[in-house]
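Next, two complexes with subunit A in common: one pairs it with subunit B, the other with subunit C.
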Partner chain A sequence: MGTPTYDPIQTVTLGSPANSVTFSSIPATYTDLILVMDATADATADCSLTFNGDSSALYSRTVLDGNGSSATSARSSGGTNIPINYNGALVTTNPIVNTINIMSYANTSVNKTILVRNNSPSLGLALIAGLYRSTSAISSLTLVLSGGHNFATGSKFTLFGVKSA
Partner chain B sequence: MSTKTLIQTISVGAGGAASIDFTSIPATFDDLVLELSARNTADTPDAHIAFNGVSTSMADKWLYGNGSAAGSLSNAGIYFEMVRSTYTANVFSSTSIYIPNYRSANYKSVSIETVTENNAAGALMLLDAGLWSNTSAINQITLVPDSGSFAQYSLASLYGIKNS
Partner chain C sequence: MTPLLEMSGGLSAKAFGMFFPSDKFSPSFESIATVTVGAGGASSISFTSIPQTYKHLQIRAIYEASATTGGTPRFTLNNDTTNQYRYHYLVGDGATASAGDSGGAVGSGGLGSGIQSTAQFAALILDILDYASTNKAKTIRNLAGFDANGSGMVGLGSSLWTPSTAITRVDFTLQSANFNQYSSFALFGLKG
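What follows is the complex of A and B.
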């Protein structure tokens, strides 16, 4: 019988508004990471992701997006972060649900790819493929809202570790 | 410590089932995941979700592709699709429904993925952002075909996830 795995590493539930959420000292003992966020904001705001405190131009993404009436696709490269929503921004009322899969995060032979499901029932949803062009193991990740806006109190972020063997 | 725990599996027997109903969901987890393999006895694909026996105060947005075009639409409900009775035999759709914070006193947002690939036209890939504008904890999840019934061998499994 295989070994069960889908381990919660850390959960952050905001007791007060915050512009950013950081998971640090991520153990290198898993194969993949999954970050689940259930959050609102103090105003309509976009959310972006960086790794290891790195804000150099090593990030890119491709997006498939729907806003409830039309579908679009877009891409960006050479960015200083990965935006993890397109039309589906955070709002003040209905929470967004984002799941972020980070594959082979501790593998120092590969650049890091992520797959994001962005769900904003108010504004739209997207499937985002992202790339962090660094072979460094990911030991921290940070989510930040645009425009100086804050994640609202009660917003919840959970980081899970998944082992492949 | 692994945290994804099987709560219940419902397997549809001969004669089909008008709905799949998970009741008395324990309040001991943080998130829920429902995995569904389904086929309809009718020649329609649509099905919807009810929480705690109600399907009001619900809405969703879809992003979909059908093999020739992509689109997006909105519904006044939380819907997904499954393989129709006329699709390739012995093929079932796959649906994954993620419900974070199902016990919270906030509105409930839901993330859904569905695929109805059947080696023929009419297949669909569907992403769904759903919302239940209700602050009650979820203790019941009901899946209901809009027409027809779940066919024999449809299978639904509900998992609980703990965040710590």
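What follows is the complex of A and C.
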């Protein structure tokens, strides 16, 4: 028989607006991390992701998105973070839901690949493959909104750990 | 316990409680097996003798190719390489969104054209729905992608395997390449 996994590590629902959310001291005992966010903002904004407090130019992404009339693909390279939503996706009304898979996050032999499914009912949807060019184990992650905007009260973030056999 | 969550502005986070209170419900997502590639590489990744006690299967993987960036990674079920598969995919290469299919019945399922890299590890999340059923054909879906800081591919795949046979084995291969060291595939079962 298998070993139960897919453990909730931490959940928070914001009791007041916040520009960023950080999960720190992430245990290295899992294989993958899954971050699920359900959020609105105080104004139209974008959300980006960094790891280990690292804001150096080690991030990049390839994105496939659709807005109901067309599908497009784009890339950003050598960035200081990974944008994780369809452009301008966080709004004040309908929440976005992101599922962010951080694969082999504690593996010190590989750079870190993430897969994101972004659902933005007001605008569209996006699939993102991201890269953090570091072999360091990820022990913290930070989500931050652009332009100094805030996640709205009631935005919810849940971090899960999945451990392979 | 060291707090895991901080918020900007010096505000303290309040944990809202466990999202899935595992002490109240039977766990439904279980790790079954893992294959990690060693120093010599591997031509294929196989899960055999898959227990029939789950409702669905999920495979989570990172993989790097020894050659042929841009090739199409594939899978087979129950070691079947006959033309009983069809697949469709939607992918983006950083410049263009495109869709395609297998062009008819073929001998393997496809994970998405071009999602294979020699430069960085691609990631894969693949679901095999109702895998143990003996009353229906099998539908497989996947999300996969890689980024190599100047190149990359991300997309969705959907595959069909027409036999009504329960699935007991899954094999993965790369197009014209081996899996490099540290490639790792993990099999999970979801109870229904």
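FYI, the second predicted complex is superposed on the first by the 163 of 165 C-alpha atoms of A that agree within 3 Å, B and C clash if a C-alpha of one lies under 4 Å from a C-alpha of the other, contacts with A are read in each partner's own complex, and residues count from 1 in each chain.
In this text, contacts are C-beta pairs under 8 Å (C-beta built on N, C-alpha and C of every residue); 3 or more make two chains touch, one makes a residue touch a chain.
Worth saying up front: this structure is predicted, and the values here are computed from it rather than measured.
Participant: Quick check on the superposed pair: does A:P121 touch subunit B, subunit C, both, or neither? Answer first, second, both or neither.
Facilitator: So A:P121 only meets subunit B here.
Participant: With the two structures laid over each other on chain A, which partner does A:G15 touch: subunit B (first), subunit C (second), both, or neither?
Facilitator: Only subunit C; A:G15 stays clear of subunit B.
Participant: Looking at the overlay, does A:I26 come into contact with subunit B only (first), subunit C only (second), both, or neither?
Facilitator: Second partner only, subunit C.
Participant: Give one of first, second, both or neither to describe whether A:D7 is in contact with subunit B, with subunit C, with both, or with none.
Facilitator: A:D7 contacts both subunit B and subunit C.
Participant: Which partner does A:T158 reach: the first (subunit B), the second (subunit C), both, or neither?
Facilitator: In the superposed model, A:T158 contacts both subunit B and subunit C.
Participant: In this superposition, which partner touches a larger number of subunit A residues, subunit B or subunit C?
Facilitator: C
Participant: Kindly list the residues of subunit A that each of subunit B and subunit C touches, one partner per complex.
Facilitator: Subunit A residues touching both partners: 4-8, 11, 64-66, 71, 73, 117, 127, 156, 158, 160.
Participant: Looking at the complex, which residues from subunit C come into contact with subunit A?
Facilitator: Touching subunit A from subunit C are residues 2-9, 11, 13-20, 22, 27, 29-34, 51, 53-54, 60, 62, 90-97, 120-123, 125, 143-156, 182, 184, 186-189.
Participant: Per the contact definition, I'd like the list of subunit B residues that touch subunit A in the complex.
Facilitator: On the subunit B side, the touching residues are 1-4, 30-31, 59-65, 70-74, 98, 100-101, 104, 106-107, 109-111, 113, 127-131, 133, 161-164.
Participant: Can you list the residues on subunit A that touch subunit C in the complex?
Facilitator: Going by the criterion above, the answer is residues 1-16, 18-26, 31-32, 60-66, 71-75, 77-78, 101, 103-104, 107, 109-111, 113-115, 117, 127-131, 133, 144, 156, 158-160, 162-165.
Participant: What residues on subunit A touch subunit B, complex-wise?
Facilitator: 4-8, 11, 36, 38, 64-71, 73, 88, 93-97, 99, 117, 119-122, 124-127, 154, 156, 158, 160
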